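First, the structure itself, so that you have it in front of you.
When the chains are written out, they are named A, B, C and D in that same order, and each has its own residue count from 1.
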Amino acid sequence: DAGQANFDAVIAKDSRIEPKDWMPADYRHALVRQMSQHAHSEIIGMQPEANWITRAPSLKRKAILMAKVQDEAGHGLYLYSATETLGTTRDEMTEALLAGKARYSSIFNYPTVSWADMGAIGWMVDGAAITNQVPLCRASYGPYARAMVRICKEESFHQRQGFEILLELSHGTPGQKAMAQDAVNRWYAPSLMMFGPPDADSPNTSKSMAWNIKRFGNDELRSRFVGMLAEQVKVLELELPDPDIRFNEDTKSWDYGPLDWAEFKEVLAGRGPCNAQRMERRRAAHDDGAWVREAAAAYAAKQSASNDREAA
Amino acid sequence: DAGQANFDAVIAKDSRIEPKDWMPADYRHALVRQMSQHAHSEIIGMQPEANWITRAPSLKRKAILMAKVQDEAGHGLYLYSATETLGTTRDEMTEALLAGKARYSSIFNYPTVSWADMGAIGWMVDGAAITNQVPLCRASYGPYARAMVRICKEESFHQRQGFEILLELSHGTPGQKAMAQDAVNRWYAPSLMMFGPPDADSPNTSKSMAWNIKRFGNDELRSRFVGMLAEQVKVLELELPDPDIRFNEDTKSWDYGPLDWAEFKEVLAGRGPCNAQRMERRRAAHDDGAWVREAAAAYAAKQSASNDREAA
Amino acid sequence: REAVAEYALRLGDDALILAQRLGHWISRGPELEEDVALGNIALDQLGHARSFLTYAGAAWGKSEDDLAYYRREPEFRSAHLFEQPNGDFAVTIARQFIAASYQYLLYRELTRSSDPMLAAIAGKAVKEVDYHLDHSTQWVLRLAGGTEESNRRMIAGLELMWPFVGELFEDDPLIAEVGDAGVVPSSLKEEFDRATAAVLAEAGVEVPAHPMATGGGRHGRHSEHLGYLLAEMQVLAREYPGASW
Amino acid sequence: REAVAEYALRLGDDALILAQRLGHWISRGPELEEDVALGNIALDQLGHARSFLTYAGAAWGKSEDDLAYYRREPEFRSAHLFEQPNGDFAVTIARQFIAASYQYLLYRELTRSSDPMLAAIAGKAVKEVDYHLDHSTQWVLRLAGGTEESNRRMIAGLELMWPFVGELFEDDPLIAEVGDAGVVPSSLKEEFDRATAAVLAEAGVEVPAHPMATGGGRHGRHSEHLGYLLAEMQVLAREYPGASW
């Protein structure tokens, strides 16, 4: 029919679908899944970094970290709004997260145990996120693509700040340098796994690529990311915990050592070091805040009722 | 009548009244008031010291402090039991405390802001308590007198430990010595006020003395205590914040400077620095523990019912 | 100069301790919008703290971080209000309402300071605190006028925090010494009372009566809460002495 | 000798961190009797910690306080169970039930250690931990069999803590190195499972199924909770370096 034809044409010429346009149910469903997961990741992802706000070792770093975590709340809000254009409410998405039905990025189930983790998360986790998200700025769904443009801009700012934290540490006292190296060691593999399983095991990839939601395979993005790390780690004078990293002249891409996908699946299945803690904290914030949200709603209702009376 | 005659005779020969003996209602009432207040003081008095358990600066001091605070819980239990022999239940006493109807020693409404306060509380607050309590070991009510014997023994142990803390600090680094002097400055006047208002303003004193509950007036005990401090402070190489302390050869007792009874009354009236905090914490422990006490009671009831069935 | 630095230290410490308390809310707010709002306020307060501490420190050759991370508890000059625990959201709003009402009046006057630096810092800060005041005022109205539970909690929060109002408006010799460079705290009390009473009247809530017998933050006498806050705030700096970050 | 010291450090850290957590309950218990009981257990654990740390430290010329107050987080060797927050009373009882069940079996075996000092410490400790086990067992039965609420809370506490069981029974190269001086953790697992299952069966509660994917405390990888605990525990020592108390 006309809707499908228009949709196909828009995809074919790599243009944008907008909320009012007809779209296939599968496409809508895939977007809701991906976008809400992305929003949830921003929100849960606040926790590992918020863990160091009260302990940041200088006031400047404290201010930068606060601003960063606050940006993540902003990204979450922005992405929830973009997803709402697909007909799902924020309450429904929150519900799904708290019920354990919706996912968030597994990387946030690892603990932040030292200040250097603020550096490693910025450099590696945000770095991986950007590598993933830059192509999404051209995603076929308009609101998503526009959200990504804005988010990527802030993320690269965050990545640079993370890099600076590590740089300061790696050029600091031996204790600081060790702290930085330890953080890089711990976050390296999980950040590579952020790109998802190898393409061969990634069932949704081909469909997403056909719809211009995804632009590159998981492995290609991962390899690009490794290349970025391999270059920048030299400036940091630190090492990546993977002796197999090298540029492969044949494939013109970066090779890296094997990843522990069994661990990845364990964490994905809820058995990572912080899964329970992250969900518990989100649930507690939600539950503890219920009376506040109810009060705000009740007050707003009373106000509008009294405005109505005045108008009458 | 016979009861009154017996009571008068016991008091006259300075012997002991026991729970089964007849006693005047006023006497019973005065004892309940004083003993329950004493019990409450042990319980509320745990808080300012518990405040430093997690931060004690050496494991040995941590162990000593834990044991001390735990002893206070034990004293509280012991005193509640002794008071129960007068026909008031522990629940009733707890109720009265939480409702703000029963008092506890005002001194515990001051904050413990440094480790040296653990020393000052032991040396000065426990010291004042002992000065007050030693005569109570001969109080006319048997269970009270016996409780006091046991408690005084432990308190003098605590006092020595407090003295040792201060001694270590005053012979430590300049920072430590300053911390010790600051604590002595802050706890001096409140500890003197623990003996209660000057005898002229103390309405209950004469009755209590007639009943052999009290043995000495507030001012006499306070003066004795000042003498003890004045001697021991020399060993500590610290100073008492009162230039008027001297032994008065005429009265054969220790003189001291004026005390701020207006502040005392403010604190007594609930407007001290920590009154609200102390009560809030006790109430929170009581409320948070309600489900546990209910569970224990329900379990005990089930057990005894099932024992009855088995016996039948 | 030294007196002005001491004075700046008080304002800086108030803002620093408040920022530290508010920072704890980020990722724990009742809704995401509040994570953002409380985060904003915390950031503003931290910004003010940094300006005041940097200026104060210059008098003694110390950096903002020297002052924030290497002073001991009795050297902090913050008032007791700011170190009070967050409690529930209503307690935080009550603290925030008092803090913003006070800071707004204070900074507004301080823009006329004879000390150009204090005047400049206050000029920037007063605009931000104006927003903080609006934020907390709106929440006082919403919570007091929302549900029965929120009304009860809002009143409890105000009762809990009001005893710490008195200390904010106490004068002492330093104030006289600072003269035109500072603001006399007691001179702000009347307008504070009027302005907060007006909001509480609109909210249908009584102004709590509790006076506070003590205080002492300006002279380094704090509540039992500050020690824990500082232990957490300073832990890394203390663990890695001399390191830069 | 160094391996034995490393081994003693693990046992000492477990007990130290647990004592620190339990110490927080004193003055906050659900009844005064529990202030006393939890205080007793905390004191016992602290005593065991001091014995193990003193013995471990001797190998490196360090005192118990050097080890407790001047190590950084990655140098602590405690398992994750012990650093978990107290939560409500049921959570604490669940942690306590696991801890005591484990420590009882461990110390009972350790009395046969080829290292006379470890054997002696264990000999004293096992008697005390026997009481801890009884205390927590009685509370598991009471809470599980008390009211609907206490049953729900007890089950939630066990669910929350059970994922940390696995780490306690993991072997690693150090265990092999220590040989007869130590106890092979995995060798205790079967009896732990049997003993805890028996209590939970009597309590009418299922053994939680959650396995834990990670751990790492024995190698200095901790949860996000330990840092805060250490910041508080070590604050004074760090603030007054070199002072004696």
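In the analysis below, a contact is a pair of C-beta atoms (placed from the backbone, for glycine too) under 8 Å apart; a residue touches a chain by one contact, two chains touch by 3 or more.
Being a predicted model, the structure only gives us computed values, none of them experimental.
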Exercise. Kindly list the shared contact partners of chain B and chain C, in label order.
Key: D
Quiz item: Between chain pairs A-D and B-D, which one is joined by a greater number of C-beta pairs in contact?
Solution: B-D
Quiz item: Approximately how many whole Å separate the CA-defined centres of chain B and chain D?
Solution: 34
Quiz item: What whole-number Å value describes the gap between the mean CA coordinates of chain A and chain B?
Solution: 58
Practice problem: Please compute the C-alpha centroid of chain C, do the same for chain D, then give the distance between them in whole Å. | Solution: 41
Quiz item: What positions in chain D touch 2 or more of the other chains?
Solution: 227, 231-232, 235
Exercise. Would you pick out the residues of chain B that each touch at least 2 other chains?
Key: 55
Quiz item: Which of line, ring, star, complete and other names the graph you get from chains that touch?
Solution: other
Quiz item: Can you list every touching chain pair?
Solution: A-C, A-D, B-C, B-D, C-D
Exercise. Would you tell me which residues of chain D are touching chain B in their complex?
Key: 16, 20, 23-24, 26-36, 39-40, 42-43, 46-47, 49-50, 53, 64-65, 68-69, 88-89, 141-143, 145-147, 149-150, 153, 232-233, 235-237, 240, 242-245
Quiz item: For the complex, which residues does chain D have touching chain A?
Solution: 73-74, 160, 163, 210-214, 221-224, 226-227, 231
Quiz item: Can you name the residues of chain B that touch chain C in the complex?
Solution: 48, 51, 55, 111-114, 182, 263, 266-267, 271-274, 276-277
Practice problem: Could you please specify the touching residues of chain D with respect to chain C in the complex? | Solution: 72, 227-228, 230-232, 235, 238-239
Quiz item: What residues on chain A touch chain C, complex-wise?
Solution: 43, 46-47, 50, 53-63, 66-67, 69-70, 73-74, 76-77, 80, 115, 165, 168-169, 172-173, 175-176, 281, 284-285, 288-299, 302
